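Next come two complexes, and both contain chain A; in the first it sits with chain B, in the second with chain C.
For the complex of A and B:
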């Protein structure tokens, strides 16, 4: 951790208009929960739809995408990253610091609101809400690491990230079994299943597989991002 | 003493050769890197500042490889060409952050010293996003010298500056050079480089075209015969118009090239004379290219700009 890098990163993330989109996520989630609570529908079914499909399935990856790319891709894009890189700082330190900021922000903006929304909707029964929250913490961290790496690898990180989240995870993942194994969202769901009472949350990917893949993606993406950042090239072409 | 050595360095992007087998040494004092647009100046500076790997050859600082070696930044201060610089920070916050990132013992004092050096203390509490080009340039300078580096690299530092800011920056760089630091700046304007640089390196189309102090560069420029290959809508009439004008030393028609070969006397004048004569005679010029090797074309470019 480098406190200066963390400070610059956090200010860059929250000091721009992007923060409004980010804040819309928790607000949306809470509004939906309040509305859903008074709808009189089956509570467990509602919890699955709001916490599972909406929060874990859409809001967590979107937040992870905006935050994960936001902590580094913007700086690479506009070239201000040179001020961090032209310093005798180990590159892995820059990457891990930015990752900590990204993970913390993703948690704050999506996992915490998910928990609050869950309490409003369903309460603490059957550890369903706890399960979804832990799932969101785990997948939020993995998305942050993955999208931070994308931000280092490509100038089209947001597009690539959206393609992954929407096309691979949501579209293909909901039909093709194999694709689910390689889906961050499903790993989170697998944790939710393990924590919630038996039979309340169903996940297609086994817990062991999910945990391994979470760790491999988190560590691998961070290590690879560090290597790529050490070889970052300034382009002469605009 | 900090010396940057560029040894048989080439850099290509796909099949574009941006820097072609360049060897030069940049030592203490002020060196100007002069060349027209696309000559490879930025590419060279990126390699000297560790932001680009050479495709071939080696770029070193006092013997240490620069690429993928972040320790060199203890010695190097870089003023990049791009303006973007965390515009949500104030000048003070920006320079202070740079001091902290260097791990200096007293970053506050270092930031204050650097801002005073570039005379930006008065605007240090404003957001850098509100600065003029010249002010941005000076704060970038402050961030580059906050750790008291022995090497300062600047890519086109005078771009967009007004004359007063230009003089001030020149003064600052002179002081740096006089301290025995190694200062390298790039420019495509000969006058700018002449005013400031003790030593000039000229690059053209990726090649190291000339090297020396400004007198030597000027001499190279003016003492050479200047030959041009010209094609026009009416070569015969153009030739007689030019002969009548008397500012050419020789004109011949090259049948194989279907073009005129013209030797200019006053080379500076020729670049303005030719279009004028052609226009007066109602002749359209199709090609005007220096017939000598590349050095010629740089100079015509440098002088006419």
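For the complex of A and C:
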């Protein structure tokens, strides 16, 4: 953890008007939940739709993708990463610092608004909202680590991340049961199931599997990203 | 030959330089070249192997399920395709969306980032021609991605000896849907891609707009009692999302999948006209704003 790198990364992420675009996501979630409050639907069903499908299923991956790739892939793309790599800092320290910024931003932009939206919609009953929030925290961190790794590995990090989130998790996950075991979203949902009262949240993946996979993906992606960053070759524009 | 006195006098000699007097191919040729080059660039043709991987992977991903269905229909002796043409496009709509998100910045952002747009405008092609050529190229590229699986399905239907007239009609419905998808996607994608010189950011922004609007449309639909068949007014919610409104409009226009509960349908009568008007306005508006973007570069 290096405060200067963290400060510069955060500035690159939120600087200029980019913060306004990033803020659109939490604002949208809050607006939807305020509107949904008055719809008169079953509250638990509503919470599943807004917190589960919209927030955990769409907004957390999108935020994780933009932030996770934004902390490193943009720097690699415009070549300014060399100035950072030339400093006498261990590469793993650069990766962990950027990961901390990414995870913090993802939590701030998706998990915190999710909690507030949940309180608006459902209150604190049955620990449903708490469960979804913990799920969003865990999956947000895993997404950040995963997409940061993608940013180091490939120039098409955003596309690769989208392909994973949309094609693997949503499209294939909805047809093939087994694909859900390897889906960050489902691991988060499994944490939500464990915390919420019995029978309120249903997840297809067991808690033990989910926890282990979350830890393996988080730590593994970070370690691999450090290794890859140590031997990074900058390629020109294709 | 020059003499000493001539040299001092500063004479200019005609050493045979001649201006170009051949045919000038002009503005239309330049626009057409830009179109062809952009269309090739959308599939990574004429570029490095690495930039071909992604567009062809998406094209293949879009066509592969059609091939599988073709094989199933042939060998299992079905009496119709597992998915209808329009339904096919709706089910796999995420692939053309990713194609758009990946390739629209390739067409637009790169020129902006390397500051070559003024070079284009110093040639006979005008700003309008530039935008028109890029729009046409992206539209054609998307049409290839959308129409290829439909044609494969049709070929399969012919091989399996399904009724020709019925299939031809439904193929036409599918192609109408493809044109609408391609128009709206192109207008939105190019507008967003032209706004940013950063490729990664453009990709995320295009996909974010399409995905979040779709999630929002579905949520609004559900919140307003969409799954209650008595309340048809809730289908107005599909207007929020470009892809959902195309699907809903086409399903309503051609009375498709009326018995399917999960298929989207636009409101009847005047509602369908409004959907069409909104889609056309989106396309025209996106195009006009892109033109405006290039008024001063």
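Criterion: the second predicted complex is superposed on the first by the 231 of 238 C-alpha atoms of A that agree within 3 Å, B and C clash if a C-alpha of one lies under 4 Å from a C-alpha of the other, contacts with A are read in each partner's own complex, and residues count from 1 in each chain.
Rule of thumb we're sticking to: contacts are C-beta pairs under 8 Å (C-beta built on N, C-alpha and C of every residue); 3 or more make two chains touch, one makes a residue touch a chain.
Owing to the predicted nature of the structure, the values given are computational and were not obtained by experimental measurement.
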In the superposed arrangement, does A:171 touch chain B (first), chain C (second), both or neither? second
Using the touch definition from the top, say if A:232 reaches chain B (first), chain C (second), both or neither. first
Looking at A:157 after the superposition, I want to know if it touches chain B, chain C, both of them or none. Which is it: first, second, both, neither? second
Which partner chains sit in contact with A:11 here, chain B, chain C, both or neither? Use first/second/both/neither. first
Pick one for A:82: touches chain B only (first), chain C only (second), both, or neither. first
Give one of first, second, both or neither to describe whether A:65 is in contact with chain B, with chain C, with both, or with none. second
Figure out whether A:90 sits in contact with chain B (first) or chain C (second), or with both, or with neither. first
Kindly list the residues of chain A that each of chain B and chain C touches, one partner per complex. 78, 237
Enumerate the contact residues on chain C facing chain A in the complex. 47-48, 50-51, 54, 61, 92, 94-95, 98, 101-102, 110, 114, 198-201, 203-205, 207-208, 211-212, 215-216, 218-219, 222-225
List of chain A residues in touch with chain C within their complex: 21, 25, 28, 32, 35-36, 39, 41, 46, 49-50, 53-54, 57-59, 62, 65-66, 69-70, 73-74, 77-78, 156-159, 162-163, 166-167, 170-171, 237-238
Sites on chain B touched by chain A in the complex: 13, 18, 42-43, 46, 49-53, 68, 70-71, 73-74, 76-78, 80, 82, 84-86, 88-89, 97-98, 100-103, 143
What does chain A use to touch chain B in their complex? 2-5, 7-8, 11-12, 15-16, 78-80, 82-91, 230-234, 236-237
